[in-house]
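All chains are identified by letter, namely A, B, C and D, in their written order; residue positions are counted from 1 within each chain.
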Amino acid sequence: MRLIDRYRAVRARTVALAAPLSPEDQMVQSMPDASPTKWHLAHTTWFFETFVLAPAVPDHPPADAGYGFLFNSYYEGVGRRIERGRRGQLSRPSLAEVHAYRRQVDDAVEDWLASERGDSRDRAGLATLVLGLHHEQQHQELLLTDVKHGLGLQPGRPAYRADVPNATLTAAPQRQAAAGPTRFRAFEEGIVSIGHDGGGFAFDNEGPRHRAFLQAFELSERPVTCREYLAFMKDDGYARAELWLSEGWRHVQLEGWRAPLYWERRDGEWMTYTLDGLRPVGLDEPVAHVSHFEADAFARWAGARLPTEQEWERAAADGPVTGHFADSDRFHPGSATSGMFGDVWQWTASAYGPYPGFRAPAGALGEYNGKFMSSQMVLRGGSCLTPAGHLRATYRNFFPPEARWQMSGIRLARDA
Amino acid sequence: MRLIDRYRAVRARTVALAAPLSPEDQMVQSMPDASPTKWHLAHTTWFFETFVLAPAVPDHPPADAGYGFLFNSYYEGVGRRIERGRRGQLSRPSLAEVHAYRRQVDDAVEDWLASERGDSRDRAGLATLVLGLHHEQQHQELLLTDVKHGLGLQPGRPAYRADVPNATLTAAPQRQAAAGPTRFRAFEEGIVSIGHDGGGFAFDNEGPRHRAFLQAFELSERPVTCREYLAFMKDDGYARAELWLSEGWRHVQLEGWRAPLYWERRDGEWMTYTLDGLRPVGLDEPVAHVSHFEADAFARWAGARLPTEQEWERAAADGPVTGHFADSDRFHPGSATSGMFGDVWQWTASAYGPYPGFRAPAGALGEYNGKFMSSQMVLRGGSCLTPAGHLRATYRNFFPPEARWQMSGIRLARDA
Amino acid sequence: MRLIDRYRAVRARTVALAAPLSPEDQMVQSMPDASPTKWHLAHTTWFFETFVLAPAVPDHPPADAGYGFLFNSYYEGVGRRIERGRRGQLSRPSLAEVHAYRRQVDDAVEDWLASERGDSRDRAGLATLVLGLHHEQQHQELLLTDVKHGLGLQPGRPAYRADVPNATLTAAPQRQAAAGPTRFRAFEEGIVSIGHDGGGFAFDNEGPRHRAFLQAFELSERPVTCREYLAFMKDDGYARAELWLSEGWRHVQLEGWRAPLYWERRDGEWMTYTLDGLRPVGLDEPVAHVSHFEADAFARWAGARLPTEQEWERAAADGPVTGHFADSDRFHPGSATSGMFGDVWQWTASAYGPYPGFRAPAGALGEYNGKFMSSQMVLRGGSCLTPAGHLRATYRNFFPPEARWQMSGIRLARDA
Amino acid sequence: MRLIDRYRAVRARTVALAAPLSPEDQMVQSMPDASPTKWHLAHTTWFFETFVLAPAVPDHPPADAGYGFLFNSYYEGVGRRIERGRRGQLSRPSLAEVHAYRRQVDDAVEDWLASERGDSRDRAGLATLVLGLHHEQQHQELLLTDVKHGLGLQPGRPAYRADVPNATLTAAPQRQAAAGPTRFRAFEEGIVSIGHDGGGFAFDNEGPRHRAFLQAFELSERPVTCREYLAFMKDDGYARAELWLSEGWRHVQLEGWRAPLYWERRDGEWMTYTLDGLRPVGLDEPVAHVSHFEADAFARWAGARLPTEQEWERAAADGPVTGHFADSDRFHPGSATSGMFGDVWQWTASAYGPYPGFRAPAGALGEYNGKFMSSQMVLRGGSCLTPAGHLRATYRNFFPPEARWQMSGIRLARDA
C-alpha cells in the first residue's frame, strides 16, 4: 500500500472507532490513566504536527498555539502540559474543533507527501510519519480500552455502539465452542535470538536483536479461560495470601478485588461488561482484564508460572502473526483457541527493561519508550482490540502490574 | 404571578442559563465541589419528581429507575447516590435525554397543578413545589459559579457566551465610576429581632425569629473594592502570618494563594477571569472570589473585622432588597455602590448554626439545610449571580471558610 | 500563695504527672494531634524561657540554640518549628536533658523573681509568668490525654501507673452510686452578661465581658451517663443518618465509629480503657471521649440539643467552681452528679469565635488563642484531668468537632 | 566455628550494635520503611522463637502471647500484625523487657542445641537456625541504616556513638587517598552460570544455579565517587529530564531531590551526615545514599549504564569476597578502591525476579524472599554496614528504586 493510503486508512480508522460515540461520550475521563476519546483524536494529530510537519515544513504554522499544552502526552523535551487527570475537564476545543484540527493536519501532511523530494530531511520525516501511524494504532487500542472503562463504570452499563455486528451475536457465550484442555508445548534449552532484526518497522524498545539462553520450558497452547479462572475464584484464590506477591496482596485488600475488572454478580450469575453491554461471562473465552498480580497468583495456584518475555518470543517466533484482532469489529475475545496472538494480551514474568545495547534515540522521540523502563511488566501477543497488522512477535507492550483496564489475560508456562 | 407561571418562568430560566453551552461544556466537572450543568438540570428536576410528584401523584411512574442514584445530591433518606466527584464522568443520560426528562416532569407537574383539588395532600405538595422553585433558583446561581470554574480553569479561558450583553461592555473597568471612600454607618446597641417571621416563603434555617442583643457597631456602606484589596496584597498581606487565622494560613501555604481566585498577572497587569472572558481587574468593583480566610485577614489588616450575621441583618432589615442581581445578565460585579444586597455575597464572622428553637422538618427534606450546620460560615446579601427576587434580609447562605469559587466578597464592620 | 510558690507547685506537678512513665513512654506520639510527654515537659519550659526570661533578662542565654525549633508549638511570630507529627521521632534531647533544661530555666526564673524591682518591664514579665502557669496547667491536662492515647492504643493496654490510688479502686463501676434520672433546670429569657470581667486571671478569649440575650431554656443538672449512651447505641444511633450532621456522618462512615473512643467489646461486655487500664464501662459515669458529632447526634436522638456556651455560662455563673478535678488523682470520671464542673468537658453548640470587641494582644502571644477561631467548637466545665483551680465559669476550651481523645462528654439542653 | 558459638556471636553483635543508643534512641521510627532498634532486637528474637523453637520444642511456651502481633514483620502465614508505621509508637515492651526476651529465647535455643539428637525434626530446626543467623545479620545492617535515618533527620544531627573509632578519624576526607580514574574491565560474550550452587548457605532467591548468555561488556573497577557525582550535579543533572526515567523524574519533582540523601550545604560546602555526625563530603569516597533512579540518571549522563545483576555476578564470581564491611566498625565508606565488594551496595539494572526454576519453599518461610519479587531492583556487593562474612557473589539484595536510606551507590557498566 502506498504510504499516503496507509496514512489515510489509519487516520480514518481512528475516526471510525470514535464515530458511535456522542461528543459527551468522547469527553469522559474515568480515571487519570484513561484519556477521553476526543483527547486521543487530538493527541495523535498533535504527534504528526509536532514531530513530522514542524521539522519537515518549517513554515507550517501550528493549528493553535495552545494545543501543545493540551495534547502533549508526556514529552518533556517539547514543553509543559496539562495535568493528566484533567484531560476530561476540557470542553474546549470542542469535538468539532478537534475534527477540524485533524483535517487541517491531514491536509498539510498530504500536501507535504505530494511535494517531498526524498532528501535527507524528507527521509527523516517519512520515518517519523511511519512511527506516527504505529503510534496512532496504539491509541486506537487505548481509545477502546478507555471507552470501555468510561462507559463500563456508568451505572447503566451502556453499550459503545447501537448496532452490534453479527459476529458478536453469534459469539454469544452459550453457543461458544468449548475450549479444549490446556496443552503445553515443550521447548528445548538453548541460545535464542530475541528482538527485532531491523527489517521493517519496529519500535526502539524491540531491539537490538541479541542472544539469550533459555532453560527448557513448556508453554500453554492457549490462554487461560474464564472457566479455569472461576475455579481459582471458587478455591478462594482471592483470599489466600500465600498465592500472591506481597504488593498484589495489598491491592487485593485495599481495592477489594474479588474477580476480574468488569465482572459483577447479578442474580447469582457472573456477568461481565463488554463494549456491547453486560452479558454473561463466557466460560470458554480467555479471561481478560486481570492484573499482573492476578495472573501471577492464578499461575501459582495452577502449579505453573508466567512465561518470561523471551520464552514467549521464542514460541511465537516461528509462527504466523494470526489471531483475533480488532479488524473483526467484535472487541471481545472469542472462544479460546491455540495460537500466540490475539484475543488477550498475555502478562509475562518479565519486568520491562532495556535490551542489551539499547540506547534511546536522541531528542524528544527518545522519550517514546525508554523512560518508562521501571516498575512495569511486559505483555505480549496483542488482543481483540489491537489493530490487525500492528503486531509482531517481537512487540513489547508494558503496563504497571496492577493495571486491569487493558485487555490483559494469562498464558501459563512451566519448567520442563 | 400564578404558581404555574412562576413554575414555568423558573424552569425556563434554568434552561436559558444553560443554553449558551455545548453538551460538552455542560458535562465539565472541574472539582468535586462543582457540578456539571447537565447535572444541575437533572437534579432540580429530580427534586420535583421525588418530593412533589411522587407523594402527590402516587401512580406517576419515575422517568427512569436509575435517575435517583445519579441525581440525588445528598439526601440519605432517599437512598444511595453516585460519588460526588464522579458526576462529570456521566455521559449518559445525554443532555438531550436530560431535557426530555425535564419536559416529562414539567408536563406531569402541570397536569397535577391543573387537577389539584386543594386537599391537605395537595397543600403539602404545593408548599414543596414552592420550595422546589427556590431550590432551583439556588442551583441557577451554582450553575453559573460552576460553569465559571469549569471554563475559567481551561487554558483558553473561554467565555461562557458568544454574545455579551451591552451592559457588560459599558461596565468595562476603565469606564467604571470610581467607588467613593468607605463610609461606615453606626448602629446603637440594643435588642433586635433576627430571622424570618413566617410571612411568605423562607428556608427553614432562617427561623424561628428570635431576639438577640447587639453591642453598638458600625458597618461599611459598600463592599471592599479591588483597589483596596490590591493595597492589602501590596502590603504583603499574603505573607504576614499575624493577619491570618491559623487554618487560613495553612491554606495560603499549601495552595499558594497570592490573590483572589481567577486573578492572574499578564504582562505586569492583574487580570481576572469573568464569565465573559479574561479582562483587567476593575479597581472600583467589589473584590470577589475570596475565601472567608482572605476576607478575615483583609479586615484585620484594615483595622476592622467582619460583621456577624446578626449585625448584617440588623443593617439590612430596614431597607429594600435592591441591588445588582442576575437579572442584569451581566454576571460580574459593577462598580461598588452603597447598599446591602447584590454584586457579591459578604462573608460574615458567624459560623453557620441553628437559630434558637430551630428544629429541622421531619423526613428527607429535613436534610435540606440543618445537617450542614458545622464547619461552615454564613454569607449574606446575594450576588450578581443570584436570581432577582430570590433574596431576603433574613437569607442565610453558607460555605466552608476556604471556598473561593462562589461570588464571595467582603463588607467591613467595626466596634463603635 | 506567693507567686514563687505557685510557680514551684505548678512546675513540680507537671514533673510528678510524668514520673510514672519511663523515658520510652514519654517519647510516644500516637498521632499528630497528640504530643509526647517529654515534649510537653520541654515546651512549657520553652514558653517561660521565650516569653518571660528573654524579655525580662535580656542577657540570659538560651539553654540551647536549637530548642526553639523543637519546642515552639505554633508561634509563627517566634520562628520556624519542626513538623508537628515528627515530635515523637526526637530521641534527642533525652528525657534527662529535658529535665536539666527545666531546672536551668527554673533557676533563672527564680533568680529573676528574687531580683525583680517591680518596674514596668518586670510587671509585664510577671503577667506573662502567670500566663505561663495557666499555660502549663493546660499542658498538664493534655499530657494526660496524650498519654492515655499513646498507651491506650498499644496492644497490651498498659496502665499509666503501677500503683493505683485507693480512690480509683473504690470507684470501681460495680460499686458506683447510681446516677439519678436526668433533671432539667429552667432559666428565664433575658439579657445576661457573658465573659470575664477582668478581675483576676483569664485568657484573652474569655473577654471582653458583654451582654447577650438568651431565650428561655432548660439545662440538665448532670452530664449524660454511659447507661444513657448505651441506649442510644442499642437504638442504632450510629447507623441512622438522620441523627447526624453531614460532616459527622462522614466520620462515622470513614472511621467506623460504633462507640466512644477507648470502648471495646470483650466477651460480650463493653470495656473501656482508662489510665489505670482496661475495665468495664461504668454505667453511671458520664460518657467520655465522644466527639462533638456524637454529642450532637445523641442530643438529637434524646429529643434535646446541646447548650450554647452562653447558656452554659449563664447556668454556671451563679455557682461555685467545684467538681471532680485532677487533684483527686483518679483521672477517670466518677458517678455522675449534679453540678456544672468537672468529670467531663461538655461540648456546646457554639462554634469557637471572638466575643464582641475581642482583639488579640499584639506580638507572638497574640497567637495564643485568637488564631484558632475557626472550625472548632467550644467545650465548657473542665474534667477529671483538669488541674484544680484552673477553671472558671467563663473558661472556653475548644477542639475540632471530630476530636475524641479529650475527656469530652455531653450535657443536654432544651428549649423552654 | 561451632554453631552454638556462631549463634552467640551473631546474637551478641546485634546487642553490641544497639549498645551506644539510649532506650529513647532505640524507639525512634523516622518513617514506615525504617524500624526502631528495639523492634529489630525483638523481631530477630521472635524469628528464632517462631520458626526454630516452636517446631523443635513444641512444649516451649511463647515468651508473651502478644509478641507475635508486635514482632511479626510480614509473615501472613503466621498471623496478623501491627501496622508497620506504628512500630515506633510502642513504648511497651520496654527495652529492658526486650532484652529479657532475647535472653529467654537464647537460653531455650541453647538448651535445645545442647539436647538435640540429630533426628529429622532437629535437622530441619538446625537449618532454620542457620537461616535465622543470616536473617539477624541482615537486620544488623538494617538496624544501622534505620538508626542513621532516625538520628540523621533530627535537627542536631547527633552521632550514633560517643567514641568514634580511630579508623574513622584517620579516614577524614581531607586525608583520603585520591581515587584513581575509572578503569573498565572487559568481559567476553558467552554463557555463564548464575546463582548459588547449593554448597553452603544461601538464601532461596539465589538459586537455582542456571545458565545465562551475556553479550560482551565492560565493568568499572570501582564505584562512582562523590567527586564524580558532584560533576553530575554541577552539570544540572537533577534538572535535566532527558537523563531520567519518567518515574524517577516524578520523584525529583515531588520530593525536591537535589543531592544524595543526607547531603546538605552549609556555608557553601557540601556536608553529609554519617553515623559519626555531620562532616564534609569525602570527594574520593564512593557516593552513597542514592536511589536507583539517581544511579540510572548518573550513568546515562556519564555515557554508561548500570550493570545487570548477571554481569555483576560474572565479574565477582572469580574473585575473593573481600572489601570494607562492618567489622571495621567505621560505618562509612572509605576512599574508593578496586573491588566488587564492600563500601556501598551497587544498584543493578535488573528488576528483582525469580531465577529460572525458582520455587518458594512451602510454609510461612516461603514468604521470606519470593513474595517481594515485583517493583524492586537488585543491588549487589554489600556495604560498609554489612556484617563481614555475610556476603556472597550470588547474594541478591533488593529495594524499591526510589529507596535512598540504604548504603547504596553506583558501579558503571558499558557495552563492549
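Rule of thumb we're sticking to: a residue touches a chain if its C-beta (ideal position, glycine included) is under 8 Å from a C-beta of that chain, and two chains touch if they have at least 3 such contacts.
Owing to the predicted nature of the structure, the values given are computational and were not obtained by experimental measurement.
Ranked by separation of Cα centres from chain B, the top chain is D. Separating the centre of chain C from that of chain D, both taken as means of CA atoms, is a distance of 46 Å. Mean C-alpha positions place chain A and chain D at a centre distance of 38 Å. Between the Cα centres of chain A and chain C there is a gap of 59 Å. For chain A, residues touching at least two other chains: there are none. In this structure, the chains touch in the following pairs: A-B, A-D, B-C, C-D. On the side of chain B, the complex with chain A involves touching residues 22-25, 27-30, 66, 69-70, 82, 88-92, 94-95, 150-151, 153-156, 158.
Residues 74, 76-77, 189, 191, 210-213, 215, 217, 241-242, 244-249, 292-293, 305, 349-351, 353-354, 356-357, 366-367, 371-375, 401, 415 of chain B are the ones touching chain C in the complex.
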